[in-house]
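All chains are identified by letter, namely A, B and C, in their written order; residue positions are counted from 1 within each chain.
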Amino acid sequence: MAELAQLIDSEVFLAYATYTTIVLLKMMLMSVITAYFRITRKVFSNSEDTATFGKGENAKKFLWTDPAFECVCRGHLNDLEIIVPFISSGLLYALSGPALSTALLHFRIFIGARIFHTITYLTPLPQPSRGLSWAAGYAVTISMAYRLLTTGLYL
Amino acid sequence: MAELAQLIDSEVFLAYATYTTIVLLKMMLMSVITAYFRITRKVFSNSEDTATFGKGENAKKFLWTDPAFECVCRGHLNDLEIIVPFISSGLLYALSGPALSTALLHFRIFIGARIFHTITYLTPLPQPSRGLSWAAGYAVTISMAYRLLTTGLYL
Amino acid sequence: MAELAQLIDSEVFLAYATYTTIVLLKMMLMSVITAYFRITRKVFSNSEDTATFGKGENAKKFLWTDPAFECVCRGHLNDLEIIVPFISSGLLYALSGPALSTALLHFRIFIGARIFHTITYLTPLPQPSRGLSWAAGYAVTISMAYRLLTTGLYL
């Protein structure tokens, strides 16, 4: 990490910014899908939300639990767990001066894996597909973290 | 994103740092509120925490479930889901050289929306208020992501 | 935050990159531990995952609820809640030009507190230990946020 000030203007950083924005937009789309499921399946977690659909005891039946809804929520949480490490280590990775082609390979595999992961969560597809797409995203982040720890370690 | 090395010293970046810190402090406050609810309402999730209040079967009754507590937890999670995209796209947005007034407008709307969102979650206020404050924060992030994808796209 | 472009090449930034990567790797380890618990204790949340272990009604009994598994999930979520503020305010803190020794002190206390926190969650150790390790990580982040708001405030 010697000439960071130059590297921040590089194409690698630009690529990082582009892919991160796309991944974040995909993650934010999960909020909209969650809201869509809430409204179409009438699954609400807060008692004030059910007021539109009924009063008193009648409203309580709209509180919580629908398998498909729970599944979208878990997909969103899983996104957070894997996208947070990607964004932060990706930022440091982009600043550590990797070759452009290597960096693009990392970002493209990650974005493909996450989009496929969301599809397998929502369809849902039979098991090995979701596990493999999760593992691909995980491996990309580990690979970037490995480069960070080998190029510039300061404990 | 041409002259990033200059932009990092700009007032926009300083404003980004200030607002991000405030938003993070607000989010961390949620942890304290959660702990406060846990203790005052005696809602615990881990069996080792209940040991202070009773032994054996007596301790088990302190495990889990109180509507107000669940509500604070969901508010915290919702904070994470919306603040993570704001922080990362906001960082890249601050580096993409926007006009200071535009950037301040984005940051101020976001911080206002999130503080209002927390108030609606904790009071709780009747529905359209929480939904609207959530949508305002969401729209700010989309607007920043839109600028990022239009000014510098590198796929 | 006057001479940021120089500071980004500093040892403080290098130390930030190293400690952040380690904390992220620790957090990602939680995913593997969760998966390990899922498989060894047969706790699954998505119905398509249970297909390997049985068909029809027989498969349903593998869905959800095991105290130890829930506990690992909460540990992971707690990691997210506290590591996200650390990473973002840590990045801005590293750019605000602190003394190297002070910065190292912050990062080292944080990383130690989080590793100890995970140990107390998984063992589990009796209560004050987990609360104290959580408070140590929290205090480090507050201290960094305090420096940010006092050195460069732009509202």
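Quick note on the criterion: contacts are C-beta pairs under 8 Å (C-beta built on N, C-alpha and C of every residue); 3 or more make two chains touch, one makes a residue touch a chain.
Heads up on the chains, UniProt names are A, B, C = Microsomal glutathione S-transferase 1.
Quantities reported herein were computed from a predicted structural model and do not represent experimental measurements.
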Graph class of chain-chain contacts, one of line, ring, star, complete, other: complete
Between chain A and its twin chain C, rotation from the CA superposition, multiple of 5 degrees: 120
Same or different contact residues where chain B meets its copy chain A, judged by the half mark: different
Approximate Å spacing (C-alpha centroids) for the pair chain A, chain B: 16
Multi-partner residues of chain A (each touching 2 or more other chains): 5, 8, 77, 80, 84, 91
Touch list for chain C against partner chain B, complex: 1-5, 8, 67, 70-71, 74, 77, 80-82, 84-85, 88-89, 91-92, 95-96, 124-127, 130, 138, 141-142, 145, 148-149, 152-155
Chain B partner contacts - residues on chain A that touch it in the complex: 5-6, 8-9, 11, 13-15, 17-18, 20-22, 24-25, 27-28, 31, 45-49, 51-52, 76-77, 80, 83-84, 87, 91
